[in-house]
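Some structures are shown below for you to check.
Same chain, two partners: subunit A is paired with subunit B first, then with subunit C.
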Partner chain A sequence: MTLRRRLDGGAVWAVTGLASLCLAAILGVCGYVLVRGLGAFWPAPVVELSLRDGSVHLGEVVAWDDGFLVLRESETERVGAHYRRVARGDIAREARPDDAVSLQGADGRRLFVRGGEDPAPAVVVESLRPNVLSTLDRVGVTLARAARFVTGGATGSPWVGGMFPAIAGTLLLVMLMALFVVPLGTATAAFLHLRKGRAARLVRGAVATLASVPSIVYGVIGLGLFVHGLGRALDQWFHAAQQPVPVFGSGGLLWAALTLALLTLPVFVTSVDQGLSRLPRSLEAGSLALGATREQTLRMLLLPAAWPAMLTGLMLAVARACGAVAPLMLVGVVELAPALPLDGEFPYLHPSRQFMHLGHAVYDAAMANPDPFRGVSRAFAAAALLLAVVLVLNFVAMVLRDRLRERYRALDD
Partner chain B sequence: MPVSPRHSGSLAARFPVARRPRGDRWVTWVVTAAAVLVLACLAVIPLFLAGSLLIRDTGAPDWSRLGLLAMDGLRATVCAMLVALPLGFAAAGVNGLAARRLRGVLRGLFELFGAVPTVVLGLIAVAALAPWLARHVASLLAVQVAIPAVLMAAGFAFGVSERGARWRVAWMAPLVVALAAAGLMLADRTDVILIRPGSPWNAILVGFALGLAAVPVVFSIADDALAQVPGSRVDAALALGATRWQAFATIAVPAAAPGLAAAAMLGFSRCFGETMIVLMASGNTLVGGFDPTRGLRAPGAELALGMPDASVRGADWHDLLLAALLLFVVAVAIHLAADVLRGRLRRRGEARQ
Partner chain C sequence: MAGPDHAIDTVVAGVPVAARARRLNLWYGPSHVLKGVDCDLPERRITAVVGASGCGKTSFLRCLNRLNDEIEGARVEGEVRIGSVDAYAPGTAVHALRRRVGMVFQRPLPFPQSIVDNVTYGLRVAGVRNRRERMDRVEAALRLAGLWDEVADRLGRSALELSLGQQQRLVLARAIAVEPEMLLLDEPTSALDPAATLRLEERLQELSGRFTLVLVTHNMQQASRMSDFTAFMHDGRIVEFGPTGTVFVNPRDRRTEYFITGRDG
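For the complex of A and B:
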């Protein structure tokens, strides 16, 4: 083997290896979040630690390293108040008694008792013996807890309650956003298709530039222009009697939806624009040859034919909106909204209300929960949900786009 | 056969060609209005942000704070680029060399990863990576240097065969991961602490998370650039006896150089404007300087933290708008410059094809 060949070998191996590392990191990140997210619901075994000083402690291990472990004992007073850091060297005996019962109180407290003892006086929502559960039972418990997490309402406590208000808030937000994005984006893409030449190039450049603007800048625009500009003006005109209490003059669902509409407009326009340009020329030419105007062709033939591209664009936009947390922090997302923006009271949809958002729930649970152990598990659970939603949306969008491409490839050739 | 006048008349009535039908004009209006609205949006953003500089009546802006913010943002971004560029370029290079079927899979995978919300990456950084990294900075850096070195040595020893080259990444991935894991576990056992970061939330940690977020951007643009190199030139090099790697390194990479530069620039821009990762993993203390083992406060995090509490049209408010203007100007300037580079590459490709 020549030296030249060997040097090439070194370069190829290094490049391939780095790429493999990159792939591993990507898959690792996604897998880690999904595993930790589901793992947050896995019933942990109850251990009984007999320490060298004679004391006995019953609880579950929430964190550990080489020298220490952290035990969560029965929370008889309040949540997060009964963690015990135990040095491994102090442990005389570790057991997993079969009759240990783990109880979950309605207020979020976790209690551990041995079989014969009386459970503490609290409303118990879940009671199980984790040490004698079979694997199948554990999976069942995990799924039940996950379902409770997804469908449960918020309670005001950072430990109890589920993600339903956050999911509902996110859904309402993206639906309202779609009301702005779809018409505006479709019309812009149609403009790009109708006008060739300098005007189209200018608008296409503008769309690409908007896509490159950092998301937090949209948040600043939303706060400065929509909330404090438009919102205050609306308040002065229509809600003068209630001043100085802001109605539209503080962050809310409407302004958040508008902000996200700006943020996701480029995604949608690009997708529809690409979809329109992938339609075979013969389709348009045939329509024009039959005497239809370009506008008629676009409205009656091309846009309907490009519907998968519109769906793709909408899905990408929605996925982007689900993950956009930074701009929302400025325009009305809150940790705990007192009421959903949609209810049975006239006018049913309350666009000025503050709302909860799945992505923000991740941030809030990770950074602001008074109990870090519970906070991080809740954050991972919410992140797994968010990640699953975003990945599924993007995957379906990719498949749809490829299908559109394939469908018209035959006509193109 | 002569067409009867009556028949042709009805056709003309149904599809009038010469005259634009009145009912169609609204399409033109709507479409043009939408385009104007988009242009207006783009114009309003800088006008609103720069307006704060012109109409402020709260004294001079706090330039020194803005400078420190920019410096901290730059420090995080440079750390991130040290992660994103090797990984992104290597992935794009492998994609250029790989089998066609694998190529589609790689592209799809990176596109999906590009959609992962940054709050998720921030969560991993702060909850999983930070506690570990605080004790293992030195070993991690050592392993990071050791992996390419070991790989290059292995390649030097074994060389490359053309046969099976196109699926190399598929079997190499587990090998490299095992190698990295073994190296890190070994470092764990020896427990060397050479570098003690001043804070568990530091620029190195931010660099890893931010770098991963920028990898899809770098990859997709670099991959586009490599794909635009005319295949005929690579084929010619192969026909002259070059190996696949030689053709890639001496023909494709120089030809795609402007696009690769654009990829690096856009990756930089993405990192500089990023908010959630720095907000969660950087500690958010304004430090300045160039020490990667200390925390930082990036402009995006400054906006996310300061904006909700700033009193409207007060001094803080105007300073924050200025920080937003900085982000906007940097992003747009980089975008335009990268666009020029990519346009040059595209024209060059078309001219030579």
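For the complex of A and C:
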């Protein structure tokens, strides 16, 4: 109301307009990534091109312009090696035969045959006739492919196969990071609250500075301090027999989690610090009047009451961690990990193992993929997945925080 | 007069004294808030502290449990004695002192925890681990505060769900649970409606048989109907102290008379 009164009509419109623009931009970005991501799985029609030189080619059109189009033919040998560039002028006849079958091999190869022909010698995970599918069928195929993409394991190549290892790696990484950030950050915020003098100002300044350090710098710090420093020392003490093969002395989940913990510590500390200072001062007085020390007050009363702020801080930290790919590349993320860091083998969690990460998968699919016509759509699919993971984590934290807010509502007035 | 090592053996109007202040001075930074307060607080009686806003009533109260220690720039000189304890002596443990001197604030402020956790807070702080003992004390304290019948079936619920009047009685129970000798009440009814005020006053009246109560209030009717003794503060000093009847009916000091009758001094 006060804001309204201070602004004239035009300014109100401008503010409202800009706010709507922001909202539209957010929805637009999410929508675009989701549409492009799911679009990667939409079943394309199979065309049969009869060229003027008499040859006949069966496949999917993956790119086109006024003069040429690019046809993906049966990948009989390997993925991404059977593209044919065709001049439109050379095409005598174009058909979409009803009996054209599109096959998907377990190794990622796509094969096209006419009905009755012998399917290629491959383990087939999907077989369909794209030209006779109804729209509903196509949606079903898209969803089935998306599900395979989410739940499927890695194959021999990093550019085909499912994202399950990357999702698991991302989640494990974030959880392990939270395990480091929460106690360390809470302790720092508690220190800031207990010491009000120059020491606190110094630490607060340091935390603010850390927040502005570029993430790649953290990667270098992690590489030097954790991988080469701590990791090699650990190897010398505990795995001397296996040397020179590194166990902890190369990048791995543990070091990546520690690096991300450093990276996200400022966000978390600031959030908890602010949460603590937002609590009514009289709460502390009430506790002190009952004979509690300031440490007891903090531990038994203020920190539990600052729960919502801690969750907010964790939410921000997780969001920042999911977005930081650059430092991970230095401390243990790989495009193709031979095994998950979590399995049924004792001790179940293997913190020294290298791991896969969704953020890195996006980069890898888009920039390192030898198949030029699959890279970008695969990158969008991975990006949509990353977005979904972050949104789900945020949603869970929000629900949790709102439930806690409910309990502490009376404190907010 | 008693020596510094002995319990107070002064008697006021036939009542032994539970706590006293002598030449008590308090500064908040450069501002001199209490200017040599002398006061005797009779045991198991209600002593009302009245006076205009800013005269130092609350500051005086906070000297008795050393809550002023927590304010940056606060400095205290003089003597405060709670029973046998010299509050500001170098060897005095401030946390132990605060357990002997409970406090209820203006605005009811329960901790954002369950009702039972609120009442056991002081006990947990003091290291009382025995659950059985804690629960016994919870019931006793809630009964004394007149809240037991209202919350007995929802001890695990959040204290913030209670009404304002109930919250203030919960804070009272929280203070009682650590079994203090004294209770400092800083305008405890100023945030409450008349019905809740009445209920709290009833409870306080009853508690005066067990504890030494010091009641800071702006409400002259409340002071006159509840207290046994009244101290009138003016500009950082106690200018008049005596049995409430005497102070209200026959004040010695003109400033007291003006204040009580509502005239400008």
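Operating definition for what follows: the second predicted complex is superposed on the first by the 341 of 413 C-alpha atoms of A that agree within 3 Å, B and C clash if a C-alpha of one lies under 4 Å from a C-alpha of the other, contacts with A are read in each partner's own complex, and residues count from 1 in each chain.
Everything that follows uses one rule, which is that contacts are C-beta pairs under 8 Å (C-beta built on N, C-alpha and C of every residue); 3 or more make two chains touch, one makes a residue touch a chain.
Nothing here was measured: the structure is a model prediction, and the numbers come from that model.
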Which of subunit B and subunit C A:Ala305 touches, first, second, both or neither: second
Which superposed partner A:Gln296 touches (first subunit B, second subunit C, both, neither): both
Partner chain in contact with A:Leu179 - subunit B first, subunit C second, else both or neither: neither
First (subunit B), second (subunit C), both or neither touched by A:Ala339: neither
Which of subunit B and subunit C A:Val56 touches, first, second, both or neither: neither
Partner chain in contact with A:Ala87 - subunit B first, subunit C second, else both or neither: neither
Partner chain in contact with A:Ala233 - subunit B first, subunit C second, else both or neither: neither
Which of subunit B and subunit C A:Ala285 touches, first, second, both or neither: second
Greater subunit A contact set [subunit C / subunit B]: B
Touching both subunit B and subunit C, residues of subunit A: 290-293, 296
In the complex with subunit A, residue positions of subunit B that touch it: 11, 14-17, 20-21, 24, 27-28, 30-35, 37-39, 41-42, 44-45, 48-49, 86-88, 90-91, 93-95, 97, 106, 108-113, 115-124, 126-128, 147-148, 151-160, 165, 168-169, 172-177, 180, 212, 215, 243, 245-246, 249, 266, 269, 272-276, 279-280, 300, 303-304, 307-308, 312, 320-321, 324, 327-328, 331-332, 334-336, 339
List of subunit A residues in touch with subunit B within their complex: 1, 5-26, 29-30, 32-33, 36, 183-184, 187-188, 190-192, 194-195, 199, 202-203, 205-210, 212-217, 219-221, 223-225, 228, 262, 265, 269, 290-293, 295-296, 298-299, 316, 319-320, 322-326, 329-330, 359-360, 362-363, 366-367, 376, 379-380, 383, 386-387, 390-391, 394-395, 398
Contacting residues of subunit A [partner subunit C, same complex]: 196, 280, 282-293, 296, 300-301, 304-305, 407-411
Sites on subunit C touched by subunit A in the complex: 65, 67, 70, 72, 95-99, 102-103, 105, 107, 109, 111-113, 121-122, 124-126, 158, 160, 171, 174-175, 178
